Amino acid sequence: MDIRPREQAAKWQQNAFRIIFESDTPAGRAFDILLLLAIVLSVLAVMLESVASIAARYGHYLQAVEWFFTALFLVEYIIRLVVVRRPLSYALSWLGIIDFLAIAPTLVSLLLPGSRYLLVIRTLRLLRVFRIFKLGRFMGEGEFIAAALKASRYKILVFLTAVFTLIIVIGTLMYVIEGGRHGFTSIPMSIYWAILTVTTVGGGDASPATVLGQSLASVLMIVGYAIIAVPTGIVSTHMSLLAPALAKFKQQRCHVCRADGHRPDARYCWHCGEKL
Amino acid sequence: MDIRPREQAAKWQQNAFRIIFESDTPAGRAFDILLLLAIVLSVLAVMLESVASIAARYGHYLQAVEWFFTALFLVEYIIRLVVVRRPLSYALSWLGIIDFLAIAPTLVSLLLPGSRYLLVIRTLRLLRVFRIFKLGRFMGEGEFIAAALKASRYKILVFLTAVFTLIIVIGTLMYVIEGGRHGFTSIPMSIYWAILTVTTVGGGDASPATVLGQSLASVLMIVGYAIIAVPTGIVSTHMSLLAPALAKFKQQRCHVCRADGHRPDARYCWHCGEKL
Amino acid sequence: MDIRPREQAAKWQQNAFRIIFESDTPAGRAFDILLLLAIVLSVLAVMLESVASIAARYGHYLQAVEWFFTALFLVEYIIRLVVVRRPLSYALSWLGIIDFLAIAPTLVSLLLPGSRYLLVIRTLRLLRVFRIFKLGRFMGEGEFIAAALKASRYKILVFLTAVFTLIIVIGTLMYVIEGGRHGFTSIPMSIYWAILTVTTVGGGDASPATVLGQSLASVLMIVGYAIIAVPTGIVSTHMSLLAPALAKFKQQRCHVCRADGHRPDARYCWHCGEKL
Amino acid sequence: MDIRPREQAAKWQQNAFRIIFESDTPAGRAFDILLLLAIVLSVLAVMLESVASIAARYGHYLQAVEWFFTALFLVEYIIRLVVVRRPLSYALSWLGIIDFLAIAPTLVSLLLPGSRYLLVIRTLRLLRVFRIFKLGRFMGEGEFIAAALKASRYKILVFLTAVFTLIIVIGTLMYVIEGGRHGFTSIPMSIYWAILTVTTVGGGDASPATVLGQSLASVLMIVGYAIIAVPTGIVSTHMSLLAPALAKFKQQRCHVCRADGHRPDARYCWHCGEKL
């Protein structure tokens, strides 16, 4: 995404850009923190409104709060479009779409009442929290996890395909074995039970009552319990492979002897004794 | 399995072989994708037919769909037998058996109605999906997981034997402690409860109600929660050991016997002893 | 925290200090073991008193036991304040606050009856058990786990933030999909269900009954089942990185400032720069 | 344990010893396999007898089976005592105690009927299965797991102590918060609920119904879900540290150039090309 200010922008546009899109100035940082606060408050308002007892008492206040924040986010969204160099590129980027979805439900709810609750998509805007710590530790840590998951993605896909095939086959077998009774009313319901069981969530309406069904369920449980080792092993291995790379990126070096590998809280170089 | 075309095959047999058994030509690739689509549709039809409300309305259409696909897979199966060099060898291979089981239930269901649902075994045919990506990443990733599980298999077997002994002993103790009440109606039922508990699935009809029973259940839960570390550690360790090797093992092949999987620093082929 | 005896202390104060605060003398060790026993007994008394059938019979005895131990711990607390060099520093340290909270509820319960059960905070005093083994293996092991968790904390925070965002968004979607029925009575209740499901605990009052709801629940379960690999991978990786270092880090101390935790090949102290 | 034959044993005693205590002769191996079969059958008989519907029909046959096997194991136990060099040392060893417990319940059940079900302790005798494969892979694999768990034991103990303290404190807090209602009838019951929740087993009679209770439960679930990473990381790390040691023990060496690190299925040395 091309997030840069307009080239021949008025002075106010340049200032607005620095405040809204960046967080390396005090004003930009303050804006980001206020924005996060506004997001949290507006999401809380939507949540509380869904509780019948609260809505009955404070419904009008909460709706006012909701319209207030929607108006605020709408203004913010328009300013973003005005000050960014390529408005369309921003509007179609991930951040831009989330920013839009954070406003749209309230407007749409004038036509479709139920859609208002989708405002909770605003929660996704909270991921901006990581931007505030852009220069801090969090980006590096998040990137590390993302890199490990990216490196593992094909292996995990293969694993999930195998698990899914197992779930479909065993779910159907259970439907045949239990004969459509004891909650196994159809193949999709039996597959739903198999998912509940293999992920060790448990519960649900179905519960095998025949000896053969309980034996197969036992096998499924033990398999589900043991194969969690596979994705765990995959991610651990890829993280181990990435770990040294990341560690080196962060290391400080002694400005005299260029030695690295200091403790994070070290004050003197372990190699030449120079003050770090 | 010896999957090669017949030696003195007619031209159409050779072409059919390339399309059906291989996927390195555009036609072969298109065939594989159409086949996968047919499998998904036919499995969906079987699943939907098991839902009472859908079967009542669209039952006839769904049965027509089922017979259509069964006919299609039957034709495909016969062509496979005709064009492959050793039909018996194919028919008795894993792929051949799955291909046969994907047709059989419909035919058998003329005699035994319930058996029709076993058509969902067709799902196993979906594992062919990996064939389409034969030259891509998936085979390597799948092989990696398989190799790690193969290397761990004795350790995991030892672990499962220990867990199973624990389950039987504690299940029986619970039967004695709870005195056959609170759902612990027999030793097999108590063992079923122990499996539900040690795998952290939970739920089930039995629930300890005595102080001693709840104490033993607590121990079982904490043990089940903690020992998941064992298979996880085993698989992680074996994956770590395989990770660097796999990348390098793939690179070279013996120029005489075409064996691969040599050590990165090997100078002679491990299979035929030829200098690499 | 500055835990040293008073500088110009009477002889009895010095002796009391050695017995109460240290455990390297036979008397100090005996005191610690008696203290642990007293804690266990007093916690058991509070627990048993909460069981209605036991309280009806032995309530008076249990309350007497409770007051006896509270008096004992009060005396111990006062002696600690008297013999330590900086009483305020001790009173405001973690150990000091826990020691105070172990007495307070009984006294407060004269005014607020329910608060008495908070006496179970005394359990935290049991963590003193590690002090007895101070010179043994446990401190090192505990430090190892703490160091690994400390090194992983930012990554785990990023992971939990992502999981929490997922929980809120899916919880709200479930509320919209299930239309406030089947136990999804409000967004907070739906989020509670999502937490139960993603952590694979399962159960709860809500249970999706629509096809779309069950499909989304299936996705959530499989995601919850698979992403446990992320924190596991993070902690495993950091433990692997720490494992070899820890063993060697413990060996040497700076002869000037007594700092430990040097790199195995360090030639200068990281704290004071002195040659090792 | 001193398992050797008597020094001045009769010929039949020496033969009996080789058959019963060792498994490196065909006769010894056959004896072990028959013994395992007898154990499985006798355990199955006890289990089936506990099922009311089966006991009503086949109860007499099953009791006959039970007495038959008990007599068999009694004879075996006596022979073991007669042929081993130090009978007392064998009787007090782990194996000897298990062998005794496998007979005792039937005899005791003449006085105490319920104790008969403890015969399932016979299951422990099944662990002898590993003896048959003594010279094979299983012993090494089992030893590997045991060594890793032994090396992790202090760390896991520290972890479990911390988890247990958490469970007690949160369980009590839930009792105070829920005010003894919604299934939290006493502190021990609340602690039982906390164990069910932190181990992600779920279910149980208690279920928080207040906002504060559900919030605390949410925290407990997420903590329980995330901290499984700790024992997993510990065991993984210790297994990784042990892995190279074990691998070396097993490696074959080339008899010409002494190179090791061959593939398990290699037929030629990768270094000098010699036939292995």
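Every chain is named by a letter (A, B, C and D) in the order it is written, and numbering of its residues begins at 1.
As a working rule, a contact is a pair of C-beta atoms (placed from the backbone, for glycine too) under 8 Å apart; a residue touches a chain by one contact, two chains touch by 3 or more.
None of the values given here were measured: they were computed from a predicted structure.
Looking at subunit A and subunit D, the chains that touch each of them are B, C. Under half of the residue numbers at the subunit A-subunit B interface are used by both copies of the sequence.
The most distant chain from subunit D, with centres taken as the mean of CA atoms, is A. The distance from the centre of subunit B to the centre of subunit C, with each centre set as the mean of the Cα atoms, comes to 43 Å.
The distance from the centre of subunit A to the centre of subunit B, each centre being the mean of the chain's C-alpha atoms, comes to 31 Å. Put simply, the C-alpha centre of subunit A and that of subunit C have 28 angstrom between them. In subunit A, the positions touching at least two other chains are 188, 200-204, 224, 228, 232, 234, 236, 240. Within the complex formed with subunit B, the residues of subunit C that make contact are 200-203, 232, 236. Taken together, the subunit A residues at the contact with subunit B in this complex read 154-155, 157-159, 161, 165, 168-169, 172, 175-176, 179-180, 185-188, 191, 197, 200-204, 207, 211, 214, 217-218, 221-222, 224-226, 228-230, 232-234, 236-237, 240-241. Residue ranges of subunit B in contact with subunit A, taken from their complex: 43, 46-47, 50-52, 114-115, 117-118, 120-121, 123-124, 126-127, 129-130, 137-138, 141-142, 144-145, 148-149, 156, 160, 163, 188, 192, 195-196, 198-205, 224, 228, 231-232, 234-236, 238-240, 243.
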